[in-house]
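Report on the following structure.
Labels run A, B and C following the written order; every chain starts at residue 1.
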């Protein structure tokens, strides 16, 4: 299932949630991507499906500058090209073995992806710092009409980047005032839990009506 | 020390994992839970009337609750894993040991229903398990904000080991771990501990080993 | 919409362990049809509308069919060989196509990554050439002369060895593996995977074994096989799509996958497509 996206940056994760040499499943409006960071820190987003046997690449592992599938260890470079097939160690993998790759960039602690590299960089969101990503069991339209939300969480200025990820699930990447202290960040994180409960109550009410 | 063990039991795995991390040698006695239902047999009921696995025997001591086994192993050989260096941390450890019971009931229940065809209300178990995961994610996120990695102390404790298996195996019961970045980092930190051992459903972190150089004979075609 | 009769309807499937039938019977399903396996002499399998299905009891399991199998259940001659221990491993439910479960069983290249330090280990990842054929007379898929390095080939193995394998697919959701027998060189251990298709995307998997091993406790043998299969389960539940693609453009095989290629070709030839995806989506 090809992931289709328009030429817009979509926030998918926070930089702090993707340390070097790890991979995560990144939920987008049109499907899941395998988002990974190489040992040297470089970011890549690939289709979350190994072309060999369809295994999700986000279950794989990162060694050096390549992502490997957990099933048979086939490894992929940052361009999505298969680099190595352990069952045939001396075979140069044919060019046809390739996982689709997407533009991925991070700015101010937020990782953004796009189908094709947009002409402008992702927004800087100056004055904010990333707090946490939180998944809400409610439709994005219901929460905010799929738009970013400015609000206060425990009295702290917050910006929620809202991404509907299909079905009735929404991911909110929560940013807070860059000047917030640790204690304030903890309070804001707890308030985000309450905000999620409110959203889900709203969703249930909407279903009932 | 004898552990009545089952390879697919996350509660038994907790004890094997703690023993491996603490350097305790266990004498494992495999119990035919599935398909034989040996845990419900009279000889095992005599040790544990509840009919659950694991059971730990050490001399006269018989333990049937995995949290108690973790504490026993830690107290014997690895006391820093008790995490009781101050009152708040000691209480935190108890808090998470109690919480781990909920994980067993909910995520463990979903897993037994979905994977081993045990009777159970799967959607209700999955919903309850999801609430547990959210609670854990929120707590771990707060710990990260404060610069901490583990649940109760500035180092791993029995609390982490008690909660880890059912969380890591949540997908076995049809509960996705995708929505929980802090849980993901915490499970990774546990899997990277020296002496860590796996159980089926928790794969090796292959990235901890370097890419092997090709040492094999060239292909002929 | 009317559909052609799916030829897999007329095949045999495992639906219970004969030794483990609860007194009230085992309520389960076969290819979407609810059935109940009832204990007694003889064991019966009935549908919700009261139809008695054909049954046979072999290899520890109760086998049945929603249709009318033209042949008896396939033979495993080793099952009757004196001295073998017959091991009932039990059942594990997997959210995947029954055909995917079989195909994974035919695969050795995943051993170093999924069964690490047990059935395989890096750097011994290379899959050498082996022979694959569809045996016309038996109408079975066979792979022979398969070799792979194993750090711990079986419960009774203590060190690494190069293990020989033969794979056989005698029915669309049943497969038999013959492998080096550490206890008795010259003989083959028999390890099977019998798959009960509940739906096209859900199956109950019943591993079963006939081994020469007088040393290992029965429970340890059961647990070894349960461990191996449970390591596969998280793979099987995360392959996309859940159905097995028979469209050659959808997945990319290499020489190591020739058994899978032959299996897919054989499925296609017989229109054994319950659990298969015919056209890429």
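The definition used in the following text is that a contact is a pair of C-beta atoms (placed from the backbone, for glycine too) under 8 Å apart; a residue touches a chain by one contact, two chains touch by 3 or more.
Nothing here was measured: the structure is a model prediction, and the numbers come from that model.
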Centroid comparison with chain A (C-alpha atoms), farthest chain: C
Centre-most chain [mean C-alpha coordinates]: B
Centre distance in Å when chain B and chain C are each reduced to the mean of their C-alpha atoms: 30
Rounded Å distance between chain A and chain C, as computed from the means of their C-alpha atoms: 37
Sequence positions of chain A contacting 2 or more other chains: 59, 70, 73, 88-89, 91
Sites on chain C at which at least two other chains make contact: 113-114, 122-123, 125-126, 234
For chain B, residues contacting two or more additional chains: 203, 206, 214, 216
Chain A-touching residues of chain B, taken from the complex the two chains share: 134, 138, 141-142, 144-146, 178-179, 181-182, 184-185, 188, 203, 205-207, 210-211, 214, 216, 218-219
Interfacial residue positions of chain B with respect to chain C in the complex: 6-8, 30-32, 34-36, 38, 114-117, 171-172, 174, 200-201, 203-204, 206, 209, 212-216, 220-221
Residues of chain A that touch chain C when the two form their complex: 1, 48-49, 51-56, 59, 70-73, 85-89, 91, 96-97
Chain B contact footprint on chain C (complex, rising order): 17, 20, 88-93, 95, 113-114, 116-117, 122-126, 129, 204, 217-220, 222-223, 226-231, 233-234, 237
Touching residues (chain side chain C, partner chain A) in the complex: 107, 109-110, 112-114, 122-123, 125-127, 234-235, 238-241, 245, 250-256, 281
